[in-house]
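Labels for the chains are A, B and C, by order of writing; each one numbers its residues from 1.
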Amino acid sequence: MNPKTMNKLALTTIKVITGLVVVILAFLLGRILLQGVPHISWRFLTTASQEFVAGGGIAYQLFNSFYLLVLTLLLSLPISLGAGIFLAEYAPKNWLTEVIRMAIEILSSLPSVVVGLFGFLLFVVQFKLGFSLIAGAIALTFFNLPLLTRNVEESLKSVSNLQREAGLALGLSKWTTVLKVIIPEAVPGIVTGVVLGAGRVFGEAAALIYTAGQSASVIDFTNWNPFDAASPLNWSRPAETLAVHIWKINSEGIMPDAAAVSAGTSAVLIIVVLLFNLSARYLGNRLHRKLTSADK
Amino acid sequence: MDVGKYDLNDTEILQFDPQQTELALTTKDLQVYYGKNHAFYDGSLQFERYKITSLIGASGSGKSTFLRSLNRMNDGVARVTGQIWYRGLDVNSPQINVYQMRKQIGMVFQRPNPFSKSIRDNITFAVRENGIKEQKKLDEIVETSLKQAALWDEVKDDLNKSALSLSGGQQQRLCIARAIAMQPDILLMDEPASALDPISTLKVEETMMELKKNYTIIIVTHNMQQASRVSDYTAFFHLGHVIEYAQTKNIFTFPQKRATDDYVSGNFG
Amino acid sequence: MDPIKTKIQTRSKETRQEIWGQLLSYAAIILIVAVVCSIFMFVASKGLATFTKDHASLRDFLFTTDWSPTTMGKDGRPLVGALPMIAGSFGVTVLAVIFATPFALGTALYMTQLAGKHGQKLLQSVTELLVGIPSVVYGFIGLNVVVPFVREHFGGSGYGILSGAFVLFVMVLPTITSLTVDSLRAVPSHYQAASLALGATEWQTMYKVTLRAALPGILTAIVFGMARAFGEALAVQMVIGNATLMPHGLLTASSTLTSVLTMGIGNTVMGTVGNNALWSLALVLLLMSLLFNLVVKWIGRKGRI
């Protein structure tokens, strides 16, 4: 074939392929939303789920998902900040640092089901936490840490070295310089990473099945004492999340409206994840502009 | 022109009599190594108090390396041996509290590097960290240091504006104000005007002349006119050695060494 | 006594801040490394117990097909033939990556070589959204769309390796695409300029220059895609049919390491053979993930030379 026709053919193929990928995404989103949104109602979002009869909602699962996310961020943010600071600011250039980086890479590529099983073994069984929010949050923290750490490290590294010198030359400790000069400048990047990570955490199920558990215990939304077993804030109760709920219904659900409930739940899940994605970009841009713009 | 032909060990270094001249800082046999690379050799210089001393020389002559060693900004970057005497202490020893030392020996960098905070916070940030929290006192410090840096009149109505909204020259003067707000003894300046336009450069120079009343200033500069305009003493650096150190007027009118002569008359560099 | 002189010689607030700060950051990093180490230790000790404590044979585990850990074989050893799951995992992974790679390459080429600013932004969002969709949602769609589709067009029950591979195809697509895009972007633009200036067509330039130069990066992208596919649990589990039998084709119900794990752990008792055998599967997953990492490192090292 002559090169010109070949060129045309190849370029067309590339364009068709790209078009197909866009169509696949459009189909997925369209399907999930079109199928699921009609099932979303105020009632659906605010009533408890049913196991045997139709008409169950997702109130507990929705709350559990957000609460678990908050607990996970509370655990993983400080650790990943510390670890990111170590890698960006203190890590010496030697084999030990290489090993540490390798360990983080390995953690990030571990199948989430393995992370979940480890959480189950160590926290649910060994430490006798039982299926609980806190065990789930710890498992999700392990799952979230490598991503967040790398994000913090990269955001810190993108801040000009001149800023570090400015702080040090004023007699500040390196730690204070990092904490009060470098981190504020790195905030847009860090926030974007945290929110994107939050989206990932929100949709994760494999790591939770055997840590946070597969049952949504009854909670009383008027009881805000975290040490009471019926309180929403209690972190030692088992807590099924939205993602786990979808899995559970589809693998062993016996309620008559299983398909509708999982479609509705999927749509809610996707909408929340989309919101996280959008707000990550929006927040990142906005904070960046706010920090670098001329007028405050 | 072959720059390697000068005898780097044939030097002419000004010596003060400590009985008659008040010395702010003295270095003895200072050597700087980047890894295995010996970047600076045998620096033994005395700096007189309340004077401006210029360090001149071509790029790579080691003048910035030397300057940055004086307040230990090279810690973790390069290995520095030898002594740096300040108030009877060798500040190049591990027992020294570097943070406190840097509060006494401040630094202004080549590229303006204000924090991305407001103009006011740029100055008060380190002062607060240092324990001064009283608002009235802080306001006073902001005003006096901005005045000393000749920036007050330009920014006094916009103290809450981001420092990044200032022009390059203003930013650099803000950095000077930020440094003097810590009330140091000595101010090290690493080519503070090299990134600025001529008008801003003149302003910075005027600021320096003003500051000299209260501070000892050591400045690295590429600009020989600048050195001759502002400084009392000048040291000429070449290939990691100090070749000649003397009163500025002598360096520029009666250089003792051929390398110095060639450099100040523009034959290389 | 000069007060400044004293200050310079004594420890100050900054010294303490620095010590505490460094301690905190070291503690955080040590914690992460400890987590990684203990994951390996725990899973290994559990996974190896099948062979040390329950006397299953490693050869049976890797090469036989009878998976029924609670029953004893003729030789008095538990039946732990994990080959069906291992084959299932490799089957879906390899197929998914074979499907996804041409799509990923095409999209990445379009994004880096042909698209304008808006096109790039749009496709960037497309890949980000594909990554963002949770795996249970992929599983749900798989169950409702892919399984019926396979049943109608290929026959069988619809559950099986093919359906798993279709679902994983979409899941690994964004991973491979975005990493390929990174490596294509890293090719210096003067390579392409030189090739075009010599009269090569755009496609010749892409094929012979750009793709060649980016090859190590593309291989890395594919390996990362495989790692993701191999470790994915729920989406696959929902569409593969979960029969621990040796797959006889792409259309019969099968299982993967992850699917058996998710189904089984809750139904076995800690410390029993049945449970330990599952941990052996987890150990295989862990070792594979380590292997993928090493391959990526190896490609990186080769690519540099």
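Just a few scattered comments:
Definition applied: a residue touches a chain if its C-beta (ideal position, glycine included) is under 8 Å from a C-beta of that chain, and two chains touch if they have at least 3 such contacts.
Composition by chain, UniProt nomenclature: A = Phosphate transport system permease protein PstA; B = Phosphate import ATP-binding protein PstB 1; C = Phosphate transport system permease protein.
These figures come from a predicted structure and were not determined experimentally.
The most centrally placed chain, judged by C-alpha centroids, is A. When the C-beta contacts at B-C and at A-B are tallied, the pair with the greater total is A-B. The mean-CA centres of chain A and chain C are about 17 angstrom from one another, to the nearest whole unit.
One finds 54 Å separating the Cα centroids of chain B and chain C.
Per-chain CA centroids place chain A at a distance of 49 Å from chain B.
In chain B, 99-101 are the positions where the chain touches two or more neighbouring chains simultaneously. Looking at chain A, residues 171-173, 176 sit in touch with two or more other chains.
Multi-chain contact residues of chain C, defined as those touching 2 or more other chains: 14-15, 18. Considering their complex, residues 160, 162-163, 165-173, 176, 180-181, 184-185, 291-296 of chain A touch chain B. Of all residues in chain A, only 3-4, 6-7, 10-11, 13-18, 20-22, 24-25, 28-29, 31-32, 35, 78-83, 85-87, 89-90, 99-100, 102-107, 109-115, 117-118, 120-122, 125, 142, 145-146, 149, 171-176, 178-179, 199-200, 202-206, 209-210, 243-244, 246-247, 250-251, 259, 262-263, 266, 269-270, 273-274, 276-277 touch chain C in the complex they form. Residues of chain C that touch chain B in their complex: 2, 4-5, 7-15, 18.
Within the complex, the chain B residues that touch chain C are 86-89, 91, 95-97, 99-101, 104, 131, 185. Those residues of chain C that touch chain A in the complex are listed here as 14-15, 17-18, 20-22, 24-29, 31-33, 35-39, 42-43, 46, 102-103, 106-107, 109-111, 114, 122-123, 126, 128-130, 132-137, 139-141, 143-145, 170, 173, 177, 201-204, 206-207, 224, 227, 230-234, 237-238, 258, 261-262, 265-266, 270, 279, 282, 285-286, 289-290, 292-293, 297.
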